[in-house]
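Paired with chain B in one complex and with chain C in the other, chain A is shared by the two complexes that follow.
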Partner chain A sequence: MKKRRMLGFVLLVIVVAVLTTGCWSRGELNNLAIVTGIGIDKMGDEYLISTQMLNPGQAGEPGGVSGGSGLSVTTEYMQAPTVLEGIRRLTTVTPRRLYFAHINVLVFGESVAREGLRDVLDLFMRDQEIRPDLHLVLTKGVTAKDVMSVMTPIEQIPAAKLLKSLNISEKSWASTIGIKLDEYIIDLMNEGKEPILTGLKFQGNIRQMKKDLKSVMPPGKLKYAGIGVFKEDKLLGWLNEEESRGFSYITDHVDNTVAHIPCGRGGNAVIEILRSKTKLSGKLVDGEPVIKIEIKSEANVGEMACKADLSKPKTIYDFEKSMERVNEDMMRKVIQKAQKVYESDIFGFGEVLFRKDPKNWKAIKEHWDEYFPRAKVEIHIDVKLRRTGKIGNSFIGTLKK
Partner chain B sequence: MKCGDKVNLKNRIRKRSVNTRTNGNGRDEAELLPEKDHESLSDSLEENLDRIRASLGNSWDLAIRSIFLGSSGDIRVAVLHMNGLSDNKLISRFMESFMLNGKEVSLAGPGNEDGPAHTLRSLKDHLITLGTVEEKHDYKAILNCLLSGDSIILADRCDSVLVAATKGWDERGVQEASVQTVVRGPRESFSENLGTNIALLRRKIKSPSLWVETTTIGRITETNVSIAYVKWTVNEEVVDEVRRRLADIDIDGILESGNIEEWIQDKTFTPFPTMLNTERPDVVAANLLEGRVAIFVDGTPVVLLVPVVFMQFFQSPEDYYNRSDFGLLRMLRFVALFTTLLAPAVFISITTFHQEMLPPTLMISIASQRERVPFPAAVEAFLMEFTFELLREAGIRMPRAVGPAISIVGALVLGEAAVQAGIVSSAMVIIVSITAITSFVFPSFSMTIPIRFLRFVLMGLAAFCGLFGVFIGLIAINLHLCGLYSFGVPYMSPIAPTILGDQKDLFIRLPQWMMRKRPSFIGSPNKTRISQGEASSKFPSWQGDDGNR
Partner chain C sequence: MLNNGKIGAYPFMVLVTMFIVGDALLYVPAWLASAAKQDAWIAALLCMAEGALLAILYNAVAKRFYPATIVEMSGIAFGKWAGAAVALFFIIFIVIDISFLLMETGDFVTTQMMPDMPVEVILILFSGIAVSAARRGVQTMSRSAESLFPWFVALYVIFVLFISPQIKLSRIEPVFHAGFIPVLHGSFKYLGNMEEVVILLMLFPFVKLPERGTKALFLGVLLGNFILSAFTAITILVMGSTLTTMFSYPSYALAQKISIGDFFQRIEAIMAFMWFITVFIKIAVCYFAASFGIAQLLKLPDYRIVTLPLGMITIVLGLQLVPNRPYFNQFASLFWTPYTLTFGQLLPLLLLGVALLRKSVGKEERV
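And then the complex of A and B:
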């Protein structure tokens, strides 16, 4: 009977499917060591891989670090000529298979970045377990292994702290930029743009920090500081905080930030940027590249430490003007540094030219490294102050002295 | 698919091979009866009585009362009834009449034209103070009447008997629905008596177009089975098909409508019910108005409705009594459907194959719970689901008195203590609980059974192949569902085939005044529910068109 044969066929398919696959790639949660972050340093010719792994028995307990007998994460490290070998060799230490799908950050030591990241990045794009939206971080003056091996307050998992504070400071201070693995690789491959990574440094006493985390004010902390400038995949140097923020403006990474401006006689007002949009355009004028940066921002008065009268339109206009000047200064500084010190087009001006003026770009692209340092940059900033916050004039104005 | 070619039932309904079931040669009732010629009675009263006694195996509940009538007291009459099946008051009333007026009965009429038969006729015409009295000859039919609770009156020298309708026994009255309960809506439910059940239905539909046909099914049980439909709305082809399929049933006994359901469903091997069963008269009435056919079985409060579609199992009568909520509750039920079907399977897949799909924080929490658990997630899930099914089954079967004990054991030991002991993780307890709760959301209990079964199938697939297996399973279920028919109507209509007009009462229930047409997939010849003249009005007036009821 046709039906019976069909039924037999279906049964056969099921049996074969079940028996031949046999729980293919099955992995119980308690047979996995969940890696939360990886650090990579260079030790001579070899790489030092440090992996921060979840200690699930501790991490899930309410109370976490303080209540439990152990820590919520543990870090193991291994030296090997290549990254993958290092990771595999780690199983001589760990009792479980390392599981990489939940990595928060990939931390590169300054040492490996100075020599070039090309040799280590391929694995992370190739491996099917690792997500390409993994965030990359650079250490500054500290090894990646040390970064991976300190506990952090508030967040139970230090690697998660690294990711969260990278994102939150990008959103509300604009001195860091969260670069994901795929973005970095795209920047690396694009003509007319050099990659950057946000730097992470350690403040305080790292030895003491590793010992305990039982004081209200920890003896040290991991802090994002500035942006590392690359030329291709090699780290050249650093932008300081102010330059980093200028960089954020130029590359349209500013969501929300604050800056102070001089106000009246000896006093400061703080302007809070609520929205900011940057447009880049460029062309070749007489064979020389000219880049135009247009920024439109909306802002609030965030803080007044002076007597200026906010009810007068002139004050508002003055504030807008000085805010524009402050921003332009920030940007000029970073452009200056990129053009003169590093000669690395981290802003992607070349890419802008390629988009806006592709014909001329073709002619100069082979020599862009020579053109970039002398590219002219015009900056047009338009800051609009919308509101003054909850109150109008500051009470400072009513005080006698 | 358009409405025109929708219900060409004859082509679609699977032709059943009649001979596989109706040959039933093995045992025939003839063997139960001692006499060979069981068709007619003899002239002798004694012989007849002996024969009936012998047929019933001298059962003690057969009551025989012999009396002598006639002016000279020479006409012997016997009244037979079954104890407990007949109303003693009715019997004693006509017995009283026999005693008082028995002398008037004569052996023969004035012209002596009929002979002994006249005795019965005069009894029937003058003495029996009952509504329904019939004269019968066929021995088998007489026995049947006797066993249904009627009284048999035999007279000497007569080869026929009188059957007096004296049915009356103790029965459960009309009570509140216990399975399909509602907050708003009628409380009454069917009982075990066919007559009462039909009456309950007639009280809802006071129209001459409510037609009821009755047949007897079951070679030994002789169970009365009625099909009811509203002539105005029903699709004749469906009625014919119901009749045909019922006639094909040849079985010794029908004790519940479930016995019938299995014989007349379209496809035999399916976990899904292709007939709706209900204990609520209002549900039956509403379905008859939409053009469906109801099958009543004597002796059970559960009534079958055909043809039905998958979506009907997610529609509660209350959906129509409460104000239209535009699908909020229905959507909830579909969410519940997928939750109860998939929750354990997806949990197994994600924790054993696709850990990357979990949000990191949740993953940490689940991972830490699973640290202490010695079994793979699949084993853990099977263990807990199995335990829950045990508890549920125990809850139905156990004596009422021990109920609290089971609850305590179930809740405390299996929930809290199992987690404490590290046998299962608390995440799994949550999954099993949510599965259990959502499985009780469906208005129709008969749909929870296939879903329970399929949940385990999907869990097995998840344990082997992860989400890949789960989706293979879902696709297979979907294919199967789309291949089902209920009395010629595609089971997944109006989704597949897509009939947009009928989807007004599917995922959402639109306000009543927007649903002008009866569902067209049933094939009702009269499609309009709201009378045409008022149809455009948002507020139809009270004068309904009688014909369109």
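And then the complex of A and C:
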């Protein structure tokens, strides 16, 4: 009995000794540099990795940008043949271990996207610290390093600004689409769909922008500008804003958006889409793919800049018709561009065929690149206007001239 | 007798359920999806049927030979020497299973949570707890299973509830596109996991009333499989089959995706506890089964003296058995199912066959 007690005691000592030293892989907050965003550019054969890190003590304080001793974030960059080496080599600059669990955005320079993202994406899926739900963004006309190194008004953390304005403009304007890492990978791997990413450009003077942010109207700003079209992992080109919004409609990313329609003699009415649902279906008819897009939207009248008589239901029905025409036009344009200019099935029409008509899809999937440009697309839109806002008829109608 | 107290039907059912869910919760979605693609959920349903059939088989064996464990059964059915050999192989099977289970835990923690931590530490800590649970006997184990079960269920329900807003029905279309073969292939990998239920026959004699015990086993198998099937279906519905196949631990990746209103998120580490609970029960049960079997085979007065050495052996064996992750994956997908078939299917069938041929066998044991 004594022996067993002794053994138990020794074991207890060992266990306690092991446990009380703390755990492996711990990260004390004062030893971590929390990375909020990463930018990747291609420089010759190497990659330029820029990481934006929180400045501890500054972030979260009101007026962290202008008042106090420094900025809320710091950006460091490093060149290396691979991404992971670049990130590790950054420790020669930063005093702390980089901590990646709270990345908001991963920004790819146009240069690296044109050559293909395949070699840089793997790390972000493989590393255990990074969650698969971080957002991917492209730059257009600027480098990712520049994007990572400007301060932004309103939001103290530029990377958080990138994420927030990506999401808010997706929700209320529908020209951007927030693509998460895992969604991009799914698009990349699934047959019959090519990936897209939203592009970010710089408006204004970037040199001046880097210097200060002391003016009410900042000398430059980061602006989302259309969607980048990929073929596999290579960036082919861009959709403009209107085409991007058409794309949002087709792929059912529209929550809430506005569009103007012609009304009466010269003048516009603005229709606000409140909710919209897109259904894609498709099948092969005589060996040729036919895709059917059905959209049901509910909308309100948002703004009147014309004399149309809103008291008559007929006006509402006319508005519905012209809204449907405007939307169809928007979608036709982007379909045209994807089919004829880029020949890249960003809408996932192939995937739709695979889902809805798997037997026939099997026969053409090897040659989908040839079929896609000539796929017929039928569009059925049903817009229902419900309300007209706080007022009925506009005062414009009663004005004399 | 060696036993220390009997257990009721409900605790036994909970034990069976958690044993089935065990390590499978982390792996099953990926196994099924790698073969059956978006039809993985059909494969999972198929496995539920297979599980039910297996449970019927095990029940028949258990009832026929009650109150004998597998080790005693093989002695009764095959004679002294042949029976001992069969029992020995069966015990080795359990020991190998424990080693793999331990390594799975170690691999998981070092891959997803603490990459710098030596895997040995995790193995020692985890097997230490499981061994100490096994030493306290069946009653204690079943009680701890019973008390942990609500926690497991709560975590599971929270998980499923909070991930369900991200479900996209289009992810499982087209249904049945590649026919039945991939579905069968997928369910074959899963089968290996289910065959391990045979280990529970070492515990069956501890159930108070064998009639209710068989019912509990059947229900436990169904419930466990239902939990796994529903989980597989949700994984596919949210992530699609491509990503599910790509991740080493799709359920953990799924937990990382939980995000309610941008603030209830990043709770995957809590979700991992769900898995720790079930795998702990499974390992503890296996430790008990192996050491109890050894004690019966060698006619030892107390099984407890075997538990500690067994714990040490399994740790070292685990490190030897799994040199790297791809090796483990290949072993799990190619060899594990055939290996378990030997003990999970062939052995019970043989036992039952012998018992039926020699009508007296088994019956006379019931004194």
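Here is the rule we use: the second predicted complex is superposed on the first by the 379 of 401 C-alpha atoms of A that agree within 3 Å, B and C clash if a C-alpha of one lies under 4 Å from a C-alpha of the other, contacts with A are read in each partner's own complex, and residues count from 1 in each chain.
The rule we apply is simple: contacts are C-beta pairs under 8 Å (C-beta built on N, C-alpha and C of every residue); 3 or more make two chains touch, one makes a residue touch a chain.
Everything numeric in this text was worked out from a predicted model, so none of it was measured.
Of the two partner chains, both chain B and chain C are touched by A:131. Of the two partner chains, chain B is the only one touched by A:17; chain C is not. Touch criterion met: A:32 reaches chain B, while chain C stays clear of it. When both complexes are overlaid on chain A, the residue A:160 reaches chain B alone and has no touch with chain C. Partner contacting the larger number of chain A residues, of chain B and chain C: B. By the touch criterion defined above, A:358 reaches chain C but does not reach chain B.
In the superposition on the C-alpha atoms of chain A, the part of chain A touched by chain B in one complex and by chain C in the other spans residues 18, 23-25, 101, 131. Those residues of chain A that touch chain B in the shared complex are 17-18, 21-30, 32, 34, 36, 54, 56-61, 99, 101-102, 104, 129, 131, 157, 160. On chain B, the positions that touch chain A within their shared complex are 351-353, 355-356, 360, 363-371, 373, 376-377, 463-466, 472. Note for the complex: chain C touches chain A at residues 111-118, 121, 125, 128, 170, 173-174, 177, 239-240, 242-243, 246, 253, 256-257, 259, 266.
On the side of chain A, the complex with chain C involves touching residues 15, 18, 23-25, 101, 125, 128, 131-133, 182, 185-186, 189-190, 354-356, 358.
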